[in-house]
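Supplied in structure tokens, the structure appears directly below.
Chains: A, B, C, D, E, F and G, in written order; residue numbering restarts at 1 for each.
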Amino acid sequence: MSQFPDSTLAEQNLQMSKKSVLELRNVNIFYSDNQAVNDVSFNIRRNKITAIIGPSGCGKSTLLRSLNRMNDFVDGARVEGELIFGNENLYGKEVDAVEVRRRIGMVFQKPNPFPKSIYNNISWGPLINGFNGSTDELVERSLKQAALWEEVKDRLHESALNLSGGQQQRLCIARALAMEPEVLLMDEPCSALDPISTARIEDLLFELKSSYTIVIVTHNMQQAARISDYTAFMEMGDLIEFNVTKKIFTRPAMKRTEEYVTGRFG
Amino acid sequence: MSQFPDSTLAEQNLQMSKKSVLELRNVNIFYSDNQAVNDVSFNIRRNKITAIIGPSGCGKSTLLRSLNRMNDFVDGARVEGELIFGNENLYGKEVDAVEVRRRIGMVFQKPNPFPKSIYNNISWGPLINGFNGSTDELVERSLKQAALWEEVKDRLHESALNLSGGQQQRLCIARALAMEPEVLLMDEPCSALDPISTARIEDLLFELKSSYTIVIVTHNMQQAARISDYTAFMEMGDLIEFNVTKKIFTRPAMKRTEEYVTGRFG
Amino acid sequence: MSLHLQRDLEKLKKEILKLGTMVESAINNAIFALNNREMSYVDEVLRLEDHINEMEVKIEEDCLKILALHQPVAGDLRFIVVSLKVNNDLERMGDFAKNIAKRARELMQEEPISTLPEFVNELPNLVRTMVRNSLDALVKLDVGLAREVIAMDDKVDEINRAMYQEVTRVAKENPSKTEIAISLLSTSRYMERIGDLSTNIAEDVIFMVEGRVIRHDD
Amino acid sequence: MSLHLQRDLEKLKKEILKLGTMVESAINNAIFALNNREMSYVDEVLRLEDHINEMEVKIEEDCLKILALHQPVAGDLRFIVVSLKVNNDLERMGDFAKNIAKRARELMQEEPISTLPEFVNELPNLVRTMVRNSLDALVKLDVGLAREVIAMDDKVDEINRAMYQEVTRVAKENPSKTEIAISLLSTSRYMERIGDLSTNIAEDVIFMVEGRVIRHDD
Amino acid sequence: SQQDESQESGATGAAALSGVVSLDGSSTVYPISEAVAEEFLAVAPRVRVTVGVSGTGGGFKKFLAQETDINDASRSIKDSEIEQATANGIDYLEIPVAYDGLSVVINSNNDWVDYLTMEELQLIWQPGSTVDSWDDIRPEWPSEPLRLYGPGTDSGTFDYFTETINGESGASRPDYTASEDDNVLVQGISGDEFALGFFGFAYYVENMDKLQVVPIDGGNGPIIPTETTINDGTYSPLSRPIFIYLNTASMARPEVNEFVNFYIDNAGVLASEVGYIALPDDLYQEAKDKISAL
Amino acid sequence: MPLTTEQESRHLEKRHRKARIFAIFCAAITWSSVLLLAVLLYQVSIEGFRWLDWQFISSFPSRFPERAGIKSALVGTIWLISLVALISIPVGVSTALYLEEFAGKGKISKIIEVNIANLAGVPSIVYGILGLAIFVRFFALERSLISGALTMSLLILPVIIIASREAIKTVPQGIRNAAYSLGATKWQTTWAHVLPASFPGIMTGVILALSRSIGETAPLIMIGAMTFVAFLPEGPMDSFTAMPIQIYNWVSRPQEEFHELAAAGIIVLLAVLLVMNATAIFIRNRTERRMK
Amino acid sequence: MAQEQYPDAALASQPAEPRAARSIKKSGVLWGEFAIKSWLASCSFISIVTTAAIVILLLSETLNFFESVSPREFFFGTTWTPLFEPSSFGVLPLVWGTLIVTIGAALIAIPTGLASAIYLSEYASDRMRSIIKPVLELLAGIPTVVYGYFALTFVTPVLRNVFPDIQVFNALSAAIVVGIMVLPMVATMSDNALRAVPVSLRQGAYALGATSYEVTTRVVVPAGLSGVMASFLLAISRAIGETMAVTLAAGQTPNMSLTMFESIQTMTSYIVQVSLGDTPSGGVAYQTLFAVATLLFAITLVINIISQMILNRFREVYE
């Protein structure tokens, strides 16, 4: 069951619904008969970074993927409960999953640029979605937002695969930004990167949150601590605690959270 | 150039040569014409954990691989200088690389168990090297040393690939231990693992150091901080600072080390 | 969790306790020296104070080491921060014990004057109890005990105020005793300060357990 | 490095400075109140002291937050630990300023007595300089300045000792002035303690820059 | 989509002809048909003549499915094929175009065989034959293993040989080395000192240096196959005529008509050019008569 | 202290020797395979080189060896291979895409999978029988290029499908996820990313498959490709001949000269094969490099 | 702004709050997507249709065949003379011929192919490999007829020097050339499989003080076994189905000879013989073609199903 300790509610002290982009209400996710996520409810605040942490296999990625219906591609995955996004349930019958993914972007664990030029990596998504403005501008703007423009502006037409891992990951972020998504989902976006690249991307996320809402899954508690505003701690499919990040790392409300963040688990 | 700040020498305050297993003296490593490691000298102390840290591409892995001649398999790699191991230069003409690797074991970034049974994974190395004692005992002893025995003792003849990532990595450590090496080299042994498995392995290393000498390359500064006794900080092929770990992380002697460990680089 | 961190935290805890014991014994010795005019106890306090200083530096370095090497969070982090503060407080208690011992040495040279019985018996007992209880609360993470310590502080303050009245009275009546009176007042103040520091420790314990800062709550 | 950490560290630094400024002004006001018998200044000090307490709690929480969220090492870590201690020290300076202000309030009720000129002029100046310089040293990481602060402490102790002599002399000569004399002695002690705390800050600055603990070096 | 552009026949009109003439069938007859087609191209360059090789039987299948105009055949049409032709309402005409002599050959190192009689051949090849050493044929011949080579059971040559020697088409001992490809048999016999085999005359002619031919005594003394002995019928039992079959309905197309006439006119010359023996002239004339009678 | 004891070093020496012998053995085997190819090529070329000239390339078949050429067979083969490529590549790749990207992991895909693996082992002559029955007779396409190409396409489809599936399997899932998360549909993803990324692997399958079809004789004979064709096919409905048929025919002629012509034909066939493979390998390497 | 980027009729009238205004609801069925999926699905059904066609084609005639010949004779008879008089329909000699040629070819292609693969993946430099591999692939593209003649004119004469009493047509040289023919398949596919074995495994073994021989034979090959087995099975399938080379090299003598020095006939070569030969359609003799083809189809099906099972087993072991 999800747990909202009083202290959290007190601190938030705002009309959630106005500040929330996505609301999860009693979300259950199954793989065939196995339940991977149990009755999770929380809200994702606009222009904030929300981190999801928890031990391996606790359902972080499963939950994240449910937020833009990437679970549709997993055989046997089934989502129950409500995920409210702009007054609609993401899993409503009428809802077009392709449109959902356009509006809720995603960046993955391993940088996965298309084996095309940097330019095409960015312009492809908008183009297939009917973009007919100036792609040059779009590419420049997205790369600037992703703090990559200076490094690549002279080789936009070279293969994206020539970039370093950290640059590739920023390219993937730029690619997602080019779609102007409302929410950006990230599943361990730095775990394949060295610390310098990681620091760059963390700085970038910090910049981006003024215009985007970001949800990030991370194994790296320090990272969650460093960059997020809110943290959800999950264990075995349950949401144990959802709280302001500072709280989670200085005085979590739940004993299990404390045990996890201090490294006393298992 | 290598740097031995006075404070370190003072602190060590021991007859180095007796306590050292491996001595690096003016080691230079080249890939074809590119120099990847410049004139590095330091000693690796017996029964201590020595960590090598530094930004990506600074030559950590290159240096580590030179310690058991795994560089022999890299086209164009060339090692100059002296690496003294038991009065012999590892790169001496008379020295047999196969024998070197038997005595100086290695564990890699990604767990790489052989697609064989757990039992065979461990016994294979000693058997090809002419071991003729009881393999049962050897397997049990090695698995116990690697803190894996309890978890796998009932399925020794199942495939090692059925183990979890963390278990696989401990199996790889057990496999290396079965050879009874004098030194254990590890190249980012936890970077592919989740935090729980990482913690297990760190604990294990801590146990192992009473009987082995361990050299570990890691990108994770916290990890170096947590587990090592000595830390070598490298940058662009140079050894910037070699020091007691506590010093490196509380008051490093070199400004560049400070900048690196506090995250002010680039 | 990392065995290494666990071990280091255990060690730190032990060191803090050891420091606490040293400080307690310094305070006891100082008070004994004061009440019983025993020079050897003064020396013992001065000797202890040296060790306390050394210990304090060591503990601070250890805290720094743990922070740098293990980057603890939540409860562990609070424990380290509290340790840093308790360490500081204990060292200052040591300082005050030294001060009391010094005053005791001065007073030994003089004729004793009669003073409040609370000062001779109750105050030292109170302070000793506070010190011991605050350390106990720290060890056992006993919030109740910590609150008791905090409550005791009022009594200490009261006795201290009474002492001030008494001492000024003595000095006025017998100006030749002014130095002794001021010295006695100082020892009383030192004991009151030790009580305050015990209160600090108790407050830190509450902070550590409950995560709430209460020291300026009153 | 993480911009986030950089920002938080900057913020912390600013807060410490702000706290320092508040403490400095509390001390100045307290001394002004004492020397010029100005009641409004006493009130100002008491008001400031409240803010100082709030600020101290906030800074401690921020340090904790930075430790928990950014896990700083080396220089950054030392900065946080020093901030924790300086924060503590400043808050206690605030306490002493309050105490001085309280004594000033008491003394205002009484006839003034003549006392040492060093006490009226030199000591307050010295202390103020020490406070200001220690904070400057902290801001500029100026080890030279810090050492100067430490050196000044001897003078302060000397004046304080002289005050003790003077005060006991006054009390003996004129027992009716005993309370005033003791109060004056207290203010002198408080100033001496403020000087000590400045010395602590200076020592912390040296620790932060050089990574060496020097406080028990003497 | 071919159209008759000219109703005329004869050399002058041929050049104007167009359309398609398709032949298929026996590999034995193929060289002759190819040669004819090649020469025909010179007189009627716009007619597309195609010649396929799918064996006599395979060819008949296509012929009877009316996929081809002409079928090359190294044997006469069989009863089952005639039935099918009747069923499909196909009217056809058999035209012999040349002789192919069957040569019985031995290794060039064989110095004991002077000739073989038809009876001896039957003794050797009949079903259930137990002859497996040379002295089983004639006692004075060496007591060495006899190894037999012959065309695969599926060729016209085999059918003809078995019919002639054993009296029934396909009746043969099965334990001989078989190949559909006569060149392969040449290879085999020339490499085996104790070999005895048979195949088409043309292949013997091309490989005289590697093999010896065995004179056959068909009752009139041992005769060696040569152009003359085959042509005049003295090498009688083992020389066979080879044919083309034409679909009489196709003859309505001038280009087919022209081609068939051209074929018969030139068959004799071209057959000998490619290793076969021309028929006596009257047989060609007879064929021409049959055609014009259509 | 020496690194090894006496006994240990003896054991080690034995192991080193074994390793050396094994390496030499493997190298020797490989080089003898290459040598074998060389012998084969040598055998063929000493026989055939004499006949290999422009006349040979540009003439139709003839009963006179010196006039005979491979023109119609060469053109027929080029036609055939082009048609086969046109038919089999789209169909094969589509099938592979369907099985890998669109079909679920249900029974039907399993059946299709086993089916395809099985079709890879059906002898070519059976495809000939099938082609004759279906394309030539049932669909009345006659003995035309298109019948041949369709038959040959069926024959090589399994190879293309299997190789393409393997290639598609190696496309990292990450690329698909990236495209989906940009709001791409399945087909947009497949067309723009999966297909280009698996291109080099698909080309490998295509090379192997087309190589096979260029050398196949039996099914073509079966469906009735001609042997003597003295004109060039102008469209897919024309009759045709192909190089392996011409070669087979020459080889079974009694005259030695024709055997030599066959050898010359083989050289031409190998040259065509080489050109085709080289083109494919070139394209493969280029795309591979672009991907890297 | 977003609404300029993604023109949408419904959007143009609501410039104020484009994001909130835009619905994530479906706008209609994606016909293009559906059409493409249908096309792809129908392509994949071609294989089913092909199989069905083959089965129908073969079975109909085969059933007729079994009306005149008892299955008992066909499956257990040891004499195969359907075209002789008197005829006999025991298919075992053909099965035997196929068997020994296939086994022989496998015995040649598998060890040498594997050795070559090992050389290519473990010992040869990248340059060397980039030369040798296409050369080996060329071996795969040589017309099978050419291999047949190569057997007759080169392999058999060479064999004769070693075994003087070998026949001109013999199973051995057929097996050899078929082995050569499928060798590239084994070599290149196994090479791919061995190269797919992660370098980390090799490193792991070397780091234990193993020699290259030990690493290759005990670690790399077992690890790549799934792909290697796949190549073996494909090669065997191809060897079973191989037609022309076998027909030319092994002769056409259905024979259950135990030595490989004699001429034999394989099932495929019988199928060619009948289908390209003289046999008139309709008779029992012609139907034998279908019976043999059906049997061959059934055999390859069984082999394929078994090999799929084996492969799945191996896949599970090595992930």
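Everything below uses one rule, namely that contacts are C-beta pairs under 8 Å (C-beta built on N, C-alpha and C of every residue); 3 or more make two chains touch, one makes a residue touch a chain.
A quick note: this is a predicted structure, and the numbers were derived from the prediction, not measured.
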item: Of B-C and E-F, whichever chain pair has more C-beta contact pairs; value: E-F
item: Shared interface numbering between subunit D and subunit C [over half = same, under half = different]; value: same
item: Most distant chain from subunit C, judged by the mean position of its C-alpha atoms; value: E
item: Geometric centre distance via CA averages, subunit D-subunit A, whole Å; value: 48
item: Length of the line joining the C-alpha centres of subunit C and subunit E, rounded to whole Å; value: 126
item: Distance from the mean Cα position of subunit F to that of subunit D, given in whole angstrom; value: 89
item: Subunit C-subunit D separation of Cα centroids, rounded to whole Å; value: 21
item: Overlap residues in subunit E, where contacts from two or more other chains coincide; value: 54, 181
item: Per-residue multi-chain contacts in subunit D, two or more chains; value: 1-2, 5, 61, 64, 68, 71, 73-74, 77-78
item: In subunit F, residues with contacts to at least two other chains; value: 15-16, 185, 221-222, 251
item: Touching pairs among all chains present in the structure; value: A-B, A-C, A-D, A-F, A-G, B-C, B-D, B-F, B-G, C-D, E-F, E-G, F-G
item: Of all residues in subunit A, those that touch subunit C in their complex; value: 221-222, 225, 248-252, 257-258, 261-265
item: List of subunit A residues in touch with subunit D within their complex; value: 199, 202-203, 206, 222, 225-227, 245-246, 249-250
item: Touching residues on subunit B, where the partner in the complex is subunit A; value: 55-56, 194-197, 199, 219-222, 263, 265-266
item: Complex contacts: residues of subunit D adjacent to subunit A; value: 1-5, 61, 64-65, 68-71
item: Residue ranges of subunit F touching subunit E (in the complex, touch as defined); value: 60-63, 136-137, 142-143, 221-222, 224-231, 239, 245, 249, 251-256, 259
